[in-house]
Structures are given as C-alpha cells and as structure tokens.
Amino acid sequence: MTQRADGRTPDQLRPITIERGWSSQAEGSALISFGGTKVLCTASFTNGVPRWLTGQGKGWVTAEYAMLPRATNDRSQRESVKGKIGGRTHEISRLIGRALRAVVDTKALGENTIVIDCDVLQADGGTRTAAITGAYVALADAIEWGRQRKFVGQKSRVLIDSVAAVSVGIIDGVPMLDLPYVEDSRAETDMNVVVTGRGLFVEVQGTAERAPFDKSELDALLELGVNGCAELRDHQLAALGQEA
Amino acid sequence: MTQRADGRTPDQLRPITIERGWSSQAEGSALISFGGTKVLCTASFTNGVPRWLTGQGKGWVTAEYAMLPRATNDRSQRESVKGKIGGRTHEISRLIGRALRAVVDTKALGENTIVIDCDVLQADGGTRTAAITGAYVALADAIEWGRQRKFVGQKSRVLIDSVAAVSVGIIDGVPMLDLPYVEDSRAETDMNVVVTGRGLFVEVQGTAERAPFDKSELDALLELGVNGCAELRDHQLAALGQEA
Amino acid sequence: MTQRADGRTPDQLRPITIERGWSSQAEGSALISFGGTKVLCTASFTNGVPRWLTGQGKGWVTAEYAMLPRATNDRSQRESVKGKIGGRTHEISRLIGRALRAVVDTKALGENTIVIDCDVLQADGGTRTAAITGAYVALADAIEWGRQRKFVGQKSRVLIDSVAAVSVGIIDGVPMLDLPYVEDSRAETDMNVVVTGRGLFVEVQGTAERAPFDKSELDALLELGVNGCAELRDHQLAALGQEA
Amino acid sequence: MTQRADGRTPDQLRPITIERGWSSQAEGSALISFGGTKVLCTASFTNGVPRWLTGQGKGWVTAEYAMLPRATNDRSQRESVKGKIGGRTHEISRLIGRALRAVVDTKALGENTIVIDCDVLQADGGTRTAAITGAYVALADAIEWGRQRKFVGQKSRVLIDSVAAVSVGIIDGVPMLDLPYVEDSRAETDMNVVVTGRGLFVEVQGTAERAPFDKSELDALLELGVNGCAELRDHQLAALGQEA
Amino acid sequence: MTQRADGRTPDQLRPITIERGWSSQAEGSALISFGGTKVLCTASFTNGVPRWLTGQGKGWVTAEYAMLPRATNDRSQRESVKGKIGGRTHEISRLIGRALRAVVDTKALGENTIVIDCDVLQADGGTRTAAITGAYVALADAIEWGRQRKFVGQKSRVLIDSVAAVSVGIIDGVPMLDLPYVEDSRAETDMNVVVTGRGLFVEVQGTAERAPFDKSELDALLELGVNGCAELRDHQLAALGQEA
Amino acid sequence: MTQRADGRTPDQLRPITIERGWSSQAEGSALISFGGTKVLCTASFTNGVPRWLTGQGKGWVTAEYAMLPRATNDRSQRESVKGKIGGRTHEISRLIGRALRAVVDTKALGENTIVIDCDVLQADGGTRTAAITGAYVALADAIEWGRQRKFVGQKSRVLIDSVAAVSVGIIDGVPMLDLPYVEDSRAETDMNVVVTGRGLFVEVQGTAERAPFDKSELDALLELGVNGCAELRDHQLAALGQEA
C-alpha cells in the first residue's frame, strides 16, 4: 500500500485530540487537533433569536470561522485590518453553520441562539473539517448548559444526530483521507465530506483542482470520507463521555 | 411520471435561450435564460496578468457574480451601498471562476487575463448554474477575439473542453432537474453539478437543506445533473455555431 | 447644416426605444435605449416610508443609479468590490430622485415608498438622462400597480406631470442634442436638462468642460434641451399607451 | 422693494470677509465669511502629479470639501466615523475642483499638484459658494508660492481668469441673492452660479426644490448671480492686493 | 538657565489664548491656542443618553478629536477618505473624554448628553493637551446653557472641579514644559499630564521615545506638568469670567 | 495584610506560565498566562522593512493585538465583521509595539521586520500586560532564528534589555498588583507600567477611573509595578533558558 510522507496509509486519519472544555468563559468549548491543525471552538449560548426568527418558537445555530494571522507558514493580514472578510472565510463560516443545523432540532432548542466560533490557532490542512468536528462537541456542551439552566426543555432531544467532517482527495492518482497542507496543495481533486453519526451525507463538496474526475473516483472518495467520519464520531463521543 | 408546477417532467430543463454577443462593448458576451432566470455574461480581455502570476507564461481567468437589487421578488440592498460583498456572492464568484479555469489551458492563453462578469438581471432559481453556462459562451468569444488580434497563438487550443452547470434537487422525495425558485426553496436536498462537455465532473456541491441524504439519492441526483449538462452543452455549441 | 458622425442633425435625438414591463419581478419596469445606451429601470413599491417621514401622510420616491462593470469600453471595478460608492454614482442617484419627486404629489401617494433602480447595462453617453426618462415609465406603472391594490387612492392624481431629460452640449462651437460618448468627451460645454411634460425646468446643470460660456450659448442649449425633452415625452406616452 | 429677514435687499450680498493667509502651514489659505458661513480654505502645493497624468507636462488642481460636525445647528456624525463620504460631500468637492480648474492653465502650472481643502467651520447657507470664492484666493497664493520657488515658470500665466460663486433662489416668488440657511430651506427654486472675473459661466446648477420654473425665472436668477459674482470678484482682488 | 528655540525658559508655557463662544451654533465653544497650535472645541448638548445608559438617571460626556488635513506641515489624507479612523485619533478622543468625565458629576448632569468636538485647525505640538484645556471651557458653557433651559437642576453642581492638560518632556537631558512640534519630535521622553484645578492627577501618560527613564526624571516631569496645569487653570477661569 | 478574593496579598502576582515555542509555524512564539488571562504571542520574521524605512539600515518591530470573540464572559462581535478596528484595539497594539521597540537596537537588527501578533484566547484582566510580557519571549526567539540564518549579524546585540509589564491599581484605597477583571472593574485608579529588566520605565499610563489621585498614591503604584515587573523578568528569563 502507498505510504504517505507522514507514514500513514491512504485511509488513515492524522492523530486526533479533542480537549473538551478548554475555555472557562464559554458555555461549551473544544480545542481540537487533526495533526498540526489546531482549532479552538467555543459555543456561546444566549436567550432569544435574531429578529427575523422571533416568535416562531425556534432556535438558531450559526458559526463564524477565522484564522489567526500566523496560523499558517506565511503571516497573512488580519481581516479586521483589511476591513472586510474574505470570500473563503465567509464560505467556510456558512458551511460550518449549515453542517451543525443539519443535526439540530431548532424547535426543541426553543428561542435560544448558539453561536459557534471556530478560530484556527495553527493550520496544516483540513481546518474547516476540524472546525466542524470540534464545533459539534462545543455545541453539545452548550445545549447541555442550557438544559441545566432550564432554558431548554429537560426532555427535548435537541441533537438528532452527531456530525463530523473530513477532507479526502486524489494525489498521484491515489484517493487519500485527511490531507495535511503538503498533500492538499498537490491534490488533483479535493473533497470535503460532512457526515452524520448515522452515516448520512450533510454536505459533499468536490472540486477538480487539477483534473476533472469521473464517477468511480467520486465514489472512492466518498467511501473514504464516510469511513473517516465514522472514526471521528468515535473521538467525539469519547470526548463527550458518551458511549459509541 | 410526476408533473411539475410548470408542466415539466422531473428530468426536463426549463426553456434555454442564449443571446450571444448581446453587448457591443465586451470582447465576448451572452445573455442567457434558464426560464425566468436571466444572466448577462460579459468577458473582458486584457493583456497582462495579476502581479502574482507575472512571468510564468500563463494567463488568468476569473469571474465576478452579482445580482441587480430588483432581480428578485423582494428588492435587496445593493452590496455597493452596504459597503461589502456578502458571503453568497463571494462563494458563487469563486465557483464560476474555478469552473471556467477547469477547461482553460492557461499556458495556451499566454499572459492575458479574462474577467467574466455575470450579472443576474432577473432571478428565478439556478442563477449560478445559468451564469456558468453563459459564461462559457462569453469566454469562448473573448478567446477568439484575442486570437484574431494575435494576443493568443493561432494554433493554441486554449479551451480544452466546454463546461456547463445545472441544479438538481429532491422535492417530496423525487429527484428533479433545474429547479426554479419555488422548487428550490422546498427542496430537501439541493445540488449544483458542474460538468465538462465530455461528461467529467468539475464540481459537485450537495447540501442537505432539510434532511441528510444517502448514497443512492446522491447517485440519482448526479445522473440527472450529468444528463442536464449534456443538453446545455448542445445549447452552447449551437449558440457558438459549432457542431455538437 | 452640420452633420454628425452618426449622420444626425444637431437637433436630432438618437433612436429611442422603451421596452415597458421588461421585468416580471418589479412593480414597474422599462428597458430604455438612447442609441447604444441601455438602462434597465425597475420600480419597487412597498408600503410604509422611511422612519424620518413616518406619520406625515406622505410617500417617498428615491432612486439608485449604477453601472455594470463592463457597460463601458474599458471594464471598471465594481463599487461593491471597492467597498464604496463613487462621487459620480451618488451625484446621479440624487439627481434622478429629485427629478422624479418634482412630478410626484407625495400626499396623493400616501405612506408608500417607491425605489427606482436604474442599472446601466451598456453605456454610450447620456446614461443619466436615459435613466430619468426610463425611470418615469417604471414609476408610472408602479403607481398604477399600487392603485389597483388600493394602496393608493383611486382618484388621487399622484403624477402631476411627466418628466424627461436629455444632454446637450457645444462641440466645435455648434450646440448639439443628445450626445453619444464620442461627442460628450469632446464637448466644450456640457449640459443636462430635466424638463416636465408641460415644458418647465426641473433641473439645469451646465458645466464648462473646456471653455466658460456666455448667456447666448446657454440660451441655445436650453432651447435644444426643451425641444428634445418634448420628443422624449411623446416616446414615454406612447410606451405607456397614453395619448400625447 | 422686498426686505429680507436680515434687512438686505434681494440683490444684496451678506457681509463678506476674506482673511488671507490664515494658516501658517499651508502654501495658500483664506478664512472666508459670507455672513454666518465661515469656511477655511487651504491650498497645498506639491511637486508631481497623480500617476494617470504623469509625463504630459500638465499640473493638477483638485479640492476636498467637508464640514465640521457642529458647523450646523444640529450636530451631525463625522464622515470618518461613518466610514464613508456622503453623496453631498462628494458632489460639492467635485464642483469646487471643476470651478477652479476652469481658470487654471494646467500646462503653465507644470507637473505640480495643488489640493484645496475647504473645511466649513460654521454653516449658514451657501457653504459651497463661499468655498469656491475663498478657494480661489488660497489657490492664487499657492501658485505664487510655487513661482517664488521656481516650481512654476516666472512668466507663465497660470490663472487665466478669477472665479467666484454665489447662490440665488426664488422665495415667495421673489428672486434673491446669497441665501442664508433660513431662506435656502424655503426656496422654491435654488441655483448656484459659478462665474469668472470676466463674467462667463463656469457652472450653472438650478434645481426646482418646490416648483418647476420657467425661462424668465431662470433668466432673473442668472442675472442676480452674475452681478453677485462680480462683487465677490472685487472682494477677492482686494484680499489679494490686486487692482480690480 | 537653558533657553529654548522660541526664547522660553524650560518651565514656561507658550502664549495661551482662549476665544470663548467662537461658534454661534454650539451650546458651548472655545478656540484655544497654545502658541501655533489652534483647536476649535464645540460642545453639543442634547437631551437623553445613549441606550446603554438609559434609565440610570445619569448623563454622558464624550469627545471626538480630529485634525484638518492641512493642519500640519505636510498635508495628510482625510480619515473620511481613508474610510477609517486611525489609532492615534481614537486614542486621543478616548483620552479627552476620560479627562472631562473625571470632573463631571453625571448624576447632577441628569439624563443629558454632551459631545465635545475638538478639531485641530493648526498643529504645532501639544494638540491633545490644548484640546482638553479648551474642551473644559466649552463644556462649562454647555452645562450652563442646559441649566438656563432647566434641563439641568438649578442647584446641581455638575462640574466638581476644572481640568487642564499639558505636555512635558526631556530634551537633551533637560525637562521642559509645553513642547512645540520641533521639541516634541526630539524628546527622549514625552509625557502628557492631565490635572484638576485642585492639583490632582486624572491621567499620566509617559513614554520613553528614545531612552527608558528613571524615577527622578519622572518626578521632575510631573512637577513641571502640575505647575503648567495650574497656570492653564487660571487661563480657563479668566476665559469663563470666574475668579481663581 | 488585606487579602484578595483569590487569596493573594496585594503585592503578589497571579500564577504565571509561559509556554515558549507553542507554535510550530512562527519564528518565535509563547502562550502566556497571568491567571485566567491567556495570550498567544507569535513573532513573524521577514527580510526587508516597510517602504518608509527602506535604505536606512534599520529594522522594524511592530505588534498587533486582538481578542477572540468569546475570550470574555460575554461574546463580542468580531472586528473583521464590524469592518473596523476599535479604538481600544488600536491603542493596545500601539502600546505593545512601543514597549518592544524600547529594548530593540534597530540598527543591530538590520533591514528585517518582526511582527508580533498577540491574540487573547481568554481574558481575565491585564491582557495588554500579559501580551507585552509574552511578546518579549516570542521576539527574543525570532531574533535568534534570524541570527541562526545569518539575517542578523552573529555578534550584534539586538536586544539591549528585556521588557515586561503589569497592571496596578487602587481598590478600596489599597494599592494592588496584577488585577484580574473583578478587581480591575472596581479600581478607583488603574495603571499599566512597562519596565525594562534593568528597572527603567518604558511607559507609565495611569488613569483615574473613579477618583483623581495624588502624588503619594502614584508613587505607591509605581513601586508595586516595578517590583512586579522584576518578577516577570525572572519568568521570562527562565522560559528562555537564560540566567537571571
């Protein structure tokens, strides 16, 4: 079997760590690592919902993604200094929000808002997938926090499933799981897969970076991604002290 | 077979028209309609490339997408008035640019830049897919314009394939092709598929808007999308006066 | 008599077309052409008025002007990308709004707001005057739309007059009507005249681009402008299916 | 004859003062008053021209207009705090620049730039006309400064004429000169006239604020304006120590 | 004793003038000069307080500092044109606001807001200290204005003390008072001291511009500053027609 | 002796930890904690200097401070989302930069730039002082990195001293060292002191938050601050593996 620069097999994740409750300020938090990629996810629980949602008895979950200026190998200018948020940042923030909402029963959440901040402290590929995976843990704890304070009904099942994400790609013709920066930048095709704990797709985003791809390649990537997400689900459950 | 509100079968496109050369100012242009969705695509050809690409002997193709404030049923505020571009606009502009670059041999283009502007004059679902499909026609004409002026080599094959895009989605459990607004807003799952003239995938973006989806649903949507794009390719070739 | 590059006499308008009801989304709309200049005017009718006008029993009419990036011969950067609206855009938007309000009885309109968007799809001189002339048609239809839905009183006379606009200028010492770009850029003096259907001035903006002008030149330009606007009024009435 | 609130006749200017050389920092400056309206005009002379003008042997003159937040009766928010310049500010800055350039021979100025800042310290109507009138004095001194340092040719005639401006308007049917705020806000028609020392028009901007106006009203306003500007020219010459 | 370029002794202020009531629009105003530094301070009194303070029976005092573009020897770009306020401007605005609030009993002010605008018309060092010193005079008059209109209780003592500020610094090893630009730019250590009429510190901001400083240098600077502020207090009282 | 809520004596620091080299991307880095306050400091070394400094043979050191949105007890909006940097952020960034430059010999650094990013991951008072103290460690390592790659002369002494900072304040009349949020928000007087390893002042910023203070209070605070900084210097040296 092909061996990768870091010694992994093509279908192997990087070392995953989830430091649950990293922040003493937020209602839920997790510092997650996918190898050298480290993302701090915090969940802020507040009563009430944005004006456009008021009075419908539903809650709201949204996310904001950002990267510290020196998370990457070269320092990039802060978006606050530029005075605007870049397209990539917007796109990933929207992706994380959609992924989380796919497993939340907003009726059960009640008129409460949870904002998840995913700040990349160090980047080595797969930051958006690490963010989604860590955000789920922070979200779960924030919901539990709301439940303990009776902002959320005691018996409501707010989380209808778990959700995790991973990147997959084809490098030198070989489909591979969980790409670090060095592989990601060489991939012919690059895909991010967001999968629920039960194995259903929430989001599939595949892009031909170098060469258009066919159906069989697509299928191979999807299979790798589904299996990777199943492993990540186990890490999430372990961090949350739940049984698989 | 299920019949849709506008009388189409699930695998049928809306009426497609491509008015090639709509603009007398741009080097290439097309006013494309997918039913009630109308997008004006113009291609601007200039010599030289952005600084970061200079001296590599390669050209650059990029795109900007925008919507007129009253393209939609409710008027929305102009992004120029807001002072910033929204996440959705950024995301779609980036998608169009990637889709076009996937069929361009930038070496053959030489150190020239083509900017494609896709302005939605009227919106009724599928604006990004109409934009990609029309942009290809404007791009092809701009390249031809450059060739006639010898900015591009006479024998270079700049376009290595054609590219088109279409939306697909599952409504009430039925996979359907080319969704107008009324269907798009009800879809359980929504996918945009970008496919080359030869039938290879350039981009696959599927999102569970209401319910996570499984592999068989994904496969059904992909098949619809591939077939829809093949029909759009024929419209493109006809507009360009080329043989299928 | 002097003949112009496009074969017109000095006091002749370019070919004028007004495609009323171009948009199926807006309450009123017109795609107007003054020769190669094409402006899409849409009118958006909403109940209520801006906060500063609330409770006075009066309506509000305002306008926003913009140009597609490749409406002109060279592509210009989008104002949404620059993050701010340029001085010229602001100035023209304000001019269009003032011109329209001059013929509207805001009491008769009631507490309703009409926003007119004038988007230049192709530019060849005189875009602001074409915008005003087309905007009047869109405005008239939006008021009628409001009347049919009883948002506006059945007998109220909201439009107290019609309004049209045209550019005039002195080129090589000869006063000329309705300047295309090639003439406009050479004019010694440039003037925009906004005139009501009854022949009264709403706005007179004359600028010495190359040489200060005297009273007799001013008078000659005003006469040309008044006559040009009378012709445009006839085009407006024809488009609206009204008698002159 | 009609008497005005401040005791003036309709064709009389407010008390005019021009404090030449107010600033010890700028190359030219004037603090001008039209009654309660006070504008500080400074001219900044620098060698070189903006990039787009380089190498043509011509100079550049431009202007920026602004108002202190409490120049007016109610405090308005600073444009620097809003983060953008309003349409009115843009429009007036452009007007001042055009008015000054109309009397400058940019070839004679050579490749030098003069920026005129007109900051309204106190506002009581007619701020843009006071700004133009004061700016001319500051400009004349900055050109002289450049001449003394040999940045400008000793014999070149840079200023081909002088320029001044005044507001006129119709109040209760009576044409009046130099409107303070209380008259300006009631005027049926409002006009700003920019006239050279020789009596030629540089700019005529008339707006029907309340009622469209006819040719005879326009003529009456123009005559008032031309006479008012002739008086202002005498004030300018006196301030500059030149003979009329 | 060391003599300075302008002939002063190290412990001597520049000529101070305070033109109280300069503006006829503002509720309080002062044009203050510290030598060549001239700052126009206006105080705007309005009923009500910002939302975050509502209902607590307390008033609010805040300040905004800005500089005209040609206040300095080289013209700088307007912050409104840049689209954002610089760090230095923000910092000084906040300092002025804190200094004034230190001598205001906000309970006695009642739910009223006073905004102080400090606009530097000409700059020659010490603009922030001149601004604070002049702002106090404008503030005192605005409070009196409110008292006369019964917005402020007749017997309330809103101002619990006066406040003034001055710069001090070490130049060539000698501590000096009230630095003009030429000294400020050479200072090894630079300090701004804000002191109440009774001689207590409100703010002490010392910075080692060239060389870290020790406790004895700090003490020498503080003594100079306290004495300078006592003199400025006498100028303030004189301007306000109060006894020392 | 007074005991504080967290059991410290008035002159005692909170537990200090410095995790040197936290980032694998930056040339120097430190994750510093002052009790619950955690700041990630990274130093980015690049060749060359900003344009305004080019050709003088000197280097440049600058800093940017920011706070994650949920570093605090309530979530605050991102400055990138607001589209501008707040006054407080600007002020602190400038302070950190000045503090570091006070101990750098920019000639010895050569034409190289070091940017220090201080991102507050968790905030509990004293974030700016923790930032300065941690930034020194990151800076020292970045200089060493440059030395090893010969970008900096082998024998040059770039750091002429170390630098640390701490907050002090008077609470209920008692001067105290290193205030957590709960104390900081109650302090009558608040001061930040920046001191070099040799005990000289770089910056002294004292503010009367509630009551103006006298010279003896100022002296007491300064003494506490100097002693606190001496302890912090020992922590810095230990982290850097240097002898005290």
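By written order: A, B, C, D, E and F. Residues from 1 in each chain.
Keep in mind that, in the parts below, a residue touches a chain if its C-beta (ideal position, glycine included) is under 8 Å from a C-beta of that chain, and two chains touch if they have at least 3 such contacts.
The shown structure was predicted, so the numbers you read here are calculated from the model rather than taken from an experiment.
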item: Set of chains whose contacts include both subunit F and subunit D; value: E
item: Where subunit A and subunit B overlap in contact partners, by chain label; value: none
item: Repeat of the A-B interface, chosen from A-F, E-F or D-E (over half of contact pairs identical by residue number); value: E-F
item: Turning angle required so that subunit A lies on subunit C, C-alpha fit (0 to 180°, nearest 5); value: 120
item: Interface residue overlap between copies subunit A and subunit F, same or different (over half shared); value: same
item: Whole-Å gap separating subunit C and subunit D, where each centre is the average of the chain's CA atoms; value: 28
item: Interchain centroid distance [CA atoms averaged], subunit C/subunit E, Å; value: 51
item: Rounded Å distance between subunit B and subunit E, as computed from the means of their C-alpha atoms; value: 60
item: Junction residues of subunit E, two or more chains touched; value: 83-85
item: Sites on subunit B touched by subunit A in the complex; value: 84-88, 90-91, 93-94, 98, 102, 161, 191, 196, 198, 200-208, 212-215, 218, 222
item: Contacting residues of subunit F [partner subunit A, same complex]; value: 23-26, 29, 36, 40, 42, 44, 46, 64, 66, 68-73, 75, 78-85, 89, 115, 117, 119, 121-123
